[in-house]
Amino acid sequence: MSKSVYKIIEMVGSSPDSWEDATQNAVKSAGLSLRDLRIAEVVTLDMKIGEDGIGTIFRARVKLSFKLLSD
Amino acid sequence: MSKSVYKIIEMVGSSPDSWEDATQNAVKSAGLSLRDLRIAEVVTLDMKIGEDGIGTIFRARVKLSFKLLSD
Amino acid sequence: MSKSVYKIIEMVGSSPDSWEDATQNAVKSAGLSLRDLRIAEVVTLDMKIGEDGIGTIFRARVKLSFKLLSD
Amino acid sequence: MSKSVYKIIEMVGSSPDSWEDATQNAVKSAGLSLRDLRIAEVVTLDMKIGEDGIGTIFRARVKLSFKLLSD
Amino acid sequence: MSKSVYKIIEMVGSSPDSWEDATQNAVKSAGLSLRDLRIAEVVTLDMKIGEDGIGTIFRARVKLSFKLLSD
Amino acid sequence: MSKSVYKIIEMVGSSPDSWEDATQNAVKSAGLSLRDLRIAEVVTLDMKIGEDGIGTIFRARVKLSFKLLSD
Amino acid sequence: MSKSVYKIIEMVGSSPDSWEDATQNAVKSAGLSLRDLRIAEVVTLDMKIGEDGIGTIFRARVKLSFKLLSD
Amino acid sequence: MSKSVYKIIEMVGSSPDSWEDATQNAVKSAGLSLRDLRIAEVVTLDMKIGEDGIGTIFRARVKLSFKLLSD
Amino acid sequence: MSKSVYKIIEMVGSSPDSWEDATQNAVKSAGLSLRDLRIAEVVTLDMKIGEDGIGTIFRARVKLSFKLLSD
Amino acid sequence: MSKSVYKIIEMVGSSPDSWEDATQNAVKSAGLSLRDLRIAEVVTLDMKIGEDGIGTIFRARVKLSFKLLSD
Amino acid sequence: MSKSVYKIIEMVGSSPDSWEDATQNAVKSAGLSLRDLRIAEVVTLDMKIGEDGIGTIFRARVKLSFKLLSD
Amino acid sequence: MSKSVYKIIEMVGSSPDSWEDATQNAVKSAGLSLRDLRIAEVVTLDMKIGEDGIGTIFRARVKLSFKLLSD
């Protein structure tokens, strides 16, 4: 592990159900191999209300870290 | 959209079930038309334990933004 | 307690004597029933010096939370 | 000045021209007497790009403080 | 209540299901009487992805406050 | 909107005229379709003074969010 | 002093009189030898209003550092 | 007022009695004309315990702003 | 460049026109050779409203870094 | 890993040589099995100058996380 | 320099020796021309302890800025 | 110690070798008697890469506190 290097990217995922689901949607859409992903840290959470006052969407802004280089 | 103005208020909602539910309870109690509400941003989350050690309540402190003026 | 909702407002109180007194002046001037107020959290403290260099005023910027809805 | 009390509210103003203009639009829409307003502190600034990629709007989220009580 | 003293400790709980569950697991493992615990404040939330890209764990870093001394 | 995903990148733009202009220069240089860009949030602002004490450049560090996936 | 090690714990003290007094109550209740304590840093201050709107309590959340190991 | 310029310096004052007193000691020791001083903003507060566990000193770290140039 | 040392000072500049202008006014009033100044980082921005509700002043609190020692 | 729980404690280590060494001294003095320790996160770094102006000590304030419960 | 644009990416580098070395490893692994890189700002530092309690790795999370566009 | 007053100044030191060395260079260049200096707190750390991609410089932005007044 002594020389491993990680890159961190920031994304926003959303879900009509929960912030956990929103986080998983962000991870799935990152276009990265899941083998290399390690952690999704929550930066901010919010809830968006539909234009017509109907329906709410939970959104999670997260930082994803994934391995660039193994030891 | 070029001159729209929003006001932001801060509230704490609670729920025995989840922080998503606590956020929705804060929005419902804000006494505002849902048509004008746009976003509930999470400021802090906590969990309160009942006086007798029984029961937990999830609380979300949120900032609600709603439209004062449309373009 | 499971569905109680709180609103939070931000105020600045002042006093020639102390920050404790400044906080209490902010609470008294909030125009809310004291029965509904719960906590005044300090956001920032400062001390203002009179225009002529005479007299100091202690000021406390606080967030007051009060109950909108009981369970 | 020794017992003056201020209230602080949070708003978002917008303008197609500048963040200075966005701040002034927030102040004008606050529905308060300008005599009582004192300071608009910038919390965050952003720029929104139109749905069709045409047109940009500058937005300023500000905290407005105004006098509730004079000495 | 006028002389009550609280101690605050920091813990990380985890759960395969939700951040609410992760918070409750941290509380249960704190080895404290639930009668004395009052609040678990969320410090950070993250989601860990399994070594082999399979399975996600939700983690909550929380500060627990519990009563040392009653009035 | 319920499953839209955004990516966020961080850039620094500059302009001899204003921070608004610096922000727009960052957006234009991002190499992204303007149709997909939504918001440029200001992270920090500064002003750089030329090596020879002549000329000032306004710089804006911004976070740009753009849509990866529509609902 | 070159190898001294300190531990830091977080506590909340309270007092009907002042935040200075609340800080001293937290220190006295920490159950540590005063010889080893060095500094109580204020994390947050608040004022709690009694359930019946009568009586206020000043509370100080502090970090106490005390020596584990001398040089 | 339209072109006034202020300088801000950071100091730590101390007092055996209170943080208000510590702040005033910092101001008095700043070696500036009181006519030009305007505001002392609190950055951090702490309490130091004497080497022998006897005696406590309240310390306030403050930012002092004073006028360099009037309009 | 390997041993250059910078000092950083904090100032507030103001202007009836813009925050860019306020920043430049702070730099000009710092009483330093422009050759040695390098960067003015924005700490906070606000807008002050005249005592009589007439006229607004834009203020920028900035940190100025200037070279003490060249390599 | 799905139910592991960690506790986090805060310590200050010191060393005449480096902040890396100060961090390792904090870890060694924590009185915990190294098998259970996982991460020492840096909170703040400083350098203390000896009373007589001779000798400098590097200090690291760190948060140590260690496992309370394995899955 | 008046229109230069920078991009900022976030990485984590590691080293068995020091945080300086960890930062250089992150820079080398970024896959960018060193001619275009300018600054690596430290976001957080930590030290990871080996699974078996043997060996420590210093890690630096850094933001790298590199030039996209020259004037 | 009960009335000692400290002033705090902010500086940036640099070194080709380490952040510890950069901090010591800032202290040495402050032009203050070492007898009066007490602590250099790290505000930020970064690493600058030479114009031609050759050579790196470690920089430490620090706050130095030194005694203005003894008890």
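A, B, C, D, E, F, G, H, I, J, K and L are the chain letters, set down in written order, and residue numbers restart from 1 in every chain.
Keep in mind that, in the parts below, contacts are C-beta pairs under 8 Å (C-beta built on N, C-alpha and C of every residue); 3 or more make two chains touch, one makes a residue touch a chain.
This is a predicted model, so every value here is computed, not measured.
Chemist: Count how many hops through touching chains it takes, at the least, to reach chain K starting from chain C.
Modeler: Tracing touching chains, the least step count from chain C to chain K comes to 3.
Chemist: For the copies chain B and chain C, give the interface type as same if over half of its residue numbers appear on both sides, and as different if under half do.
Modeler: different
Chemist: Let me have the rounded angstrom distance from the C-alpha centre of chain I over to the C-alpha centre of chain J, please.
Modeler: Inter-chain centre distance comes to 38 Å.
Chemist: Could you give the separation in Å between the centres of chain C and chain D, each centre being the mean of its C-alpha atoms?
Modeler: 22
Chemist: Measuring from the mean C-alpha position of chain G to the mean C-alpha position of chain L, what distance in angstrom results?
Modeler: From the centre of chain G to the centre of chain L is 30 Å.
Chemist: So how far apart, in whole Å, are chain B and chain L when each is placed at the average of its C-alpha atoms?
Modeler: A distance of 44 Å separates the two centres.
Chemist: Give the residues of chain H touching no fewer than two other chains, as numbers and ranges.
Modeler: 9-10, 18-19, 48
Chemist: Where do chains touch, given as pairs?
Modeler: A-B, A-E, A-F, A-K, B-C, B-D, B-E, C-D, C-G, C-H, D-F, D-I, E-G, E-J, F-I, F-K, G-H, G-J, H-I, H-L, I-L, J-K, J-L, K-L
Chemist: Which residues of chain D touch chain B once you look at their complex with the stated criterion?
Modeler: 9-16, 25-26, 29, 48, 50, 55, 57, 61
Chemist: Which part of chain B faces chain D closely enough to touch in the complex?
Modeler: These residues of chain B touch chain D: 1-10, 63, 65, 68-69.
Chemist: What does chain I use to touch chain F in their complex?
Modeler: Residue positions touching the partner: 18-20, 23-24, 27, 33-35, 37-42, 45, 62.
Chemist: For chain D, which residues count as touching chain F in their complex?
Modeler: 17-19, 44-49, 52-54, 56, 58
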